[in-house]
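These notes open a run of structures that come right after.
Below are two complexes that have chain A in common, paired first with chain B and then with chain C.
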Partner chain A sequence: MPLTRENIRKQCEFAQQKTQAIVSFVVPEIQDKGRFKDIRIALKDNISLKGYPLQAGSKILEGYQCPYDATIVEKIKQEGGCIVAKTAMDELGMGGSGNNDIHGPVIHPWDASRIPGGSSSGCAALVAVDGADVAVGTDTGDSIRKPASYMGLVGLKPTYGRISRFGIVPYASSMDTVGILARSIEQVESVYDVLKGQDERDLMTFLPKSLEKAPQKKQELLRLAVFDSISEDADPVLKARLQKLIEQLETKQTIKHVQMPQSLLALIDPVYTVIANAEACSNHANLDGLRFGLSSKDQSVENIRSRGFSWEVKKRFLCGAYALHKENQERLFIKAQKIRRKLVDAYASMFTEADIVFSLTTPDVAPLISEYKEDTSIGLSYLKLSNFSGYPSISIPFGHKEGLPFGLHLAAKPCREDLLLKAAKMFSQVIQEMDHV
Partner chain B sequence: MYKVHIGIEIHCALRTKAKMFSSAFVTQNQDPNTSLDIIDLALPGYLPTINKKAVEYGILVCDALHCTINPVLRFDRKNYAYPDLPKGFQITQQFYPLGKNGYMMIEGQKIDIERVHLEEDTAKMIHHSQSTLLDFNRCGTPLLEIVSTAQIHSVDQACTYVKSLQQKLIYLGVTQGRMDKGQLRCDVNVSLSQNPSQLGDKVELKNLNSISHIRQALDYEIQRQSLLLDQHKKIEMQTRRFDEKTKRTILLRKKETQKDYRYFPEPNLPVIHLDKSWIQEIIARRPRDPKEILDILKKQGIDEKEAQSLLTQKDLTDFYFAVIKYTERNKDVLHLLLSDVRNQMKSHAISLSDVDPRRFAWIVDQKEENFSTNRIRQWILAFLNGKNVEDQIQKAKDEQPHVSRIEEWIRQVCDANQQSIDDYRQGKKRALSYLVGQVLKVSRGQADPALVQKKLQERLNQEKEEAE
Partner chain C sequence: MYKEKIKALQNEVRIQIDDSQYEEIENELCKMEGIAKAFSKVDTRNVEPMVRCFETEAVFRKEDSIYTLTKEEALINANSTKDGYIEVSRVVK
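This part shows the complex of A and B:
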């Protein structure tokens, strides 16, 4: 279908009816040149798009209109990308249910009684129902990969620092990573190629000099390892599929098995809770209604912030501030950083003999809304290891259980998106072969 | 009597082009809220960058104050809420300051300097009766914080410390250092104790905009604390401001509890390992400090008092050295600078950066043509005010009679005024003035009076010698 403003609008409206994924309809600029010229792109509503409102799912940003473009938006526009929508998200990225106080929940396109996953919920839902071809969001703990798994999409979280965060509302600065969602690996790859790169406005971006020019080794077999510790408590259907995959792979090569101690894995969530919330409460200290956003002439900053944030977010801020308090810092924040270091070291050691470490992205399909609570099981919390370490990872469609999708998670060493994407394509091939046998 | 312990904290605004963590330009006189980048208003999605020049300036200061320089550059967040702090935190260097364990010699005594670190300035708040206005132009300006230990024991020493440090910073070229413009801010901690080796409870004094304010504030505060201690009352830890009208210090806020700023490393700025050779290069290129310049001036035969007078103004000193590149009359240049130029700068708000040193030197060299000092001064003044003096000078040269003509007129007048010559020889000085007047008359005002006087005197003295 050719790209016209009318078609795009129709597709978006249709998608909106099904998913409630869109918070702002963007007037599409249809270009005739550039690598993205025929691609409809959706942006998570924490990404600055000049001239459009940005709320990041929070009441405190009510009325704020972006006076500038994020670096990634500049790149998209330069390549002729057609931005079609700003999408819904959990408030300030803090949450994984796809629900939000100000515009209601994003609806899972195949089962409205289930959560779509989050916080890039709108992104994933819109791409899943073809309201957009590609969506750009963020992943701080699992926010690209989890919804990708629940909605049968490809979701890439690149190496931390490969894509600029300038112009994007932060959550936890040391873990925030721009991610890409699409229905195919090739599309994710083409978007990643354009978005990656050093940005002088984000000092945490870098050019991996040694690795960019890594000599193109011959078609070597990728060394694969399966992350055993993760799938112990997974749903039997998913577990069985993983086992089948391993057997299929083993016909062609040896698959290593790697682990991390359960006691260490159990610390992922507490460490994340401390570090992410500490960074977040400091990051959002600029949201006070004095220069932009929710404001009222007669009300104090305290009043505005009380009204502007949900209870969930306030709870997280309190937690973060508490961990940074002078009396607590040593045993909470600093301790958490030390444990993070240990987790990262243990994670990295799994890659000494393997190029790719794979596992189930989520232990089950999308949970029912009625049963949903913040899940701290290792089967989900392990996804945060990618953010602690900054290593790149991707979720690709793996299978279905009772009609609902679930994904396969692949991880690689820093800056080896080349191997990661190569592996993703290879695995997809094997998965297809599995189903045709 | 009580021993006085004074510690001084200086915030120095660095004269970089851009701000510390923002790409916006640092401005002085500009309309409010016109020099801003995204981070200065802390708009959603902002990220900090690092101003390399500010780091260079910081290194220069650390070296000048004999600090150990930390080659690993790290920044931290100081979290607190205030309207002049848009991010809700200030980026500073709490855990790893750029320099530490330095010192400055003040009149033979070593004053230890605890730390020197980089941070950013807040916005400017302008209070009105019903509202407060915020100007974010200043927000993000690079600041260097210099903290001394409480080893200063007298008001005089405190003032000398600040003055010396100010001069040092100005001569390093890192700041303009105007206290009245807020480019150099001074907070002073003062405590008294009976036991000289112990520190008392300290009081912080803020809002000290000049050296004389520092002096007056300290004088008052020491007296205030002495009285309390005499009455065996406790000194409450507090912050006081100086009121210049009443010359008293006034309570601003009490310090019951130490505020918790929840310091933690800034996650958006990478830890930077500064190349040691880069640091060395910066230090090697450092400008000369006032003492070194004083030595140079003395070697040029300049009187120490005059040299010190010149050194009180860096722009004047810089200009002096620029001018003497083009002329050898350095003493003439110096005298002009210390008198007319200095005065003109003050009264007419002239900036020497707009004045061409080469042309200035050329004017001074016109003394060669026997023009009087007075005339040179007039031309210099005109030149400073933007007038084109080359034409004037050329005209004067053309009109100026050759020396031989002047000597001819003098001979004429002397031949016709033997009486006056005799009077002069008998000590009547007025006779000389009369003769000068006669020469001017004969030359129809073309001769330069000072030159005529000089030549007349020469001739008369010569004749006198010959006669004896």
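This part shows the complex of A and C:
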């Protein structure tokens, strides 16, 4: 179908009926040159697009119109990308269900009784039903990779700092990473190649020279390791699929098996809870209605903030403030940061003899909405290791259980997206071979 | 037990909660104490806090001016403006 405004609008409206993924329809600028020519791109609604509303799923930003473009939006426009929509998300990135108090839940396109995953729920749903070719979102704990797994997409979380976050609403700044969702690895790769790079407006993009100049010699055979500790409690169908994949790979090369102690893995979620809530509480202290967003001349900041945030977010802020409180900071926040280092050191040690560490992205397919609660099992919380460490990772389509997709997770060392994407393509090929045997 | 702490936290975070919501926040703070207890069992002697992913030398931006918003652009989202400034409720009572 040719790229015209009318066709794009029809596609978006159809996608919206199925998924409720869109919060703002964008008037598409169709250009005839650039690497993104003919590519429809959706943006998570925490990314600034000049002239359009940005709410990040929160009432506190009601009425806010972006006065500037995020760096990644400037790059997309320079390369002729056609931005078609801003998409729904869990409030301020804090959530994994795809639900939201102000615009309602994003609907899983294959089964409306299941969660789509979040917080980049709208991004994933829109790409899954071809309302867009690519979506750009953010991943602080699993927010690109989890919905990618649940909706059968490719979801890349690059190295921390690889892509500028200037113009993006923060959640937990020591972990926030811009990510990309698409239906193919090649599409993700082409967008990543354009979006990455240093930006003086986000100094985290100036990565250590020792990492940036990592050996780039041609490597024919990737050293692979499977992260055994993760899949122990996974659904039997998914476990069997992983085992079949390992056997298929072992016909061609040795696969190492790597583990981390369960006692350490059990600390991932509490460490994340403390650090993320503390950083979020601090980051969003500026959302007070004084300069922008929900406001009223006659109401206090306390009143505006109380009306502006959902109950879930308020709880997180209060817990975050508790962890930062002077009498608790040493034993909660600083201690969490120390345990984060221990976790990262243990994670990094798995890569001393492996280029790629792989595992199931999620322990099961998307859960039922009626049964959903925040899942703190190791099979899901381990995704946060990629955020703690800054290592790049990707989820690729792996299989189906009762018609619902699930993903395979690959991780690499920092700044080795070259190996990660090469591995993703190789694994995809092997998965296809498995299914044709 | 946590009532006074919750009041103090509300002031720090500048959020008000109803009395009916105190119990739920108490439960959350109890969970935080449970986390602190679990943390206390982890040996972190000689371990430095990890503040961000990659600990590098400080990066300094060049002294060239970069584009910033004009005053008019910055005021677009203000609920009320007066004489080129954002107008807010009286804060000093």
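What we mean here is this: the second predicted complex is superposed on the first by the 425 of 437 C-alpha atoms of A that agree within 3 Å, B and C clash if a C-alpha of one lies under 4 Å from a C-alpha of the other, contacts with A are read in each partner's own complex, and residues count from 1 in each chain.
In this text, contacts are C-beta pairs under 8 Å (C-beta built on N, C-alpha and C of every residue); 3 or more make two chains touch, one makes a residue touch a chain.
Remember, predicted model here, so these are calculated numbers, not experimental data.
In the superposed model, A:27 lies in contact with neither chain B nor chain C. Ranking chain B and chain C by residues of chain A touched puts C first. Of the two partner chains, neither chain B nor chain C is touched by A:221. In the superposed model, A:240 lies in contact with neither chain B nor chain C. In the superposition on chain A, contact of A:165 is made with chain B only, not with chain C. In the superposed model, A:279 makes contact with chain B only, not with chain C.
Looking at the shared chain after the overlay, A:325 reaches both chain B and chain C. Of the two partner chains placed by superposition, chain B and chain C are both touched by A:292.
In the superposition on chain A, A:112 makes contact with neither chain B nor chain C. Legend: residue contacts after superposition of the two complexes on their common chain; A:70 is shown touching chain B, with no touch to chain C. Within chain A, the residues touched by chain B in the first complex and by chain C in the second are 64, 67-68, 173-174, 200-201, 203-204, 285, 288, 290-292, 301, 321, 325. Note for the complex: chain B touches chain A at residues 38, 41-50, 77, 79, 81, 83, 86-89, 260, 262, 264, 267-270. For chain A in complex with chain C, the touching residues are 63-65, 67-68, 160-161, 173-175, 200-201, 203-204, 206-208, 211, 267, 270, 273-274, 281, 285, 288-293, 295-303, 305-306, 309, 311, 314-315, 317-319, 321-323, 325, 328, 331-332, 334-342, 344, 388-390, 414.
Taken in their complex, chain C has these residues touching chain A: 5-6, 8-10, 12-17, 21, 24-25, 28-29, 31-32, 35-36, 38-40, 42, 44, 47-54, 56, 59, 61-62, 66, 69, 73-74, 76-80, 86-89.
Per the touch definition, chain A reaches chain B in the complex via residues 46-48, 54, 56, 61, 64, 66-68, 70, 165-170, 172-174, 200-204, 278-279, 282, 284-288, 290-292, 301, 321, 324-326, 329, 333.
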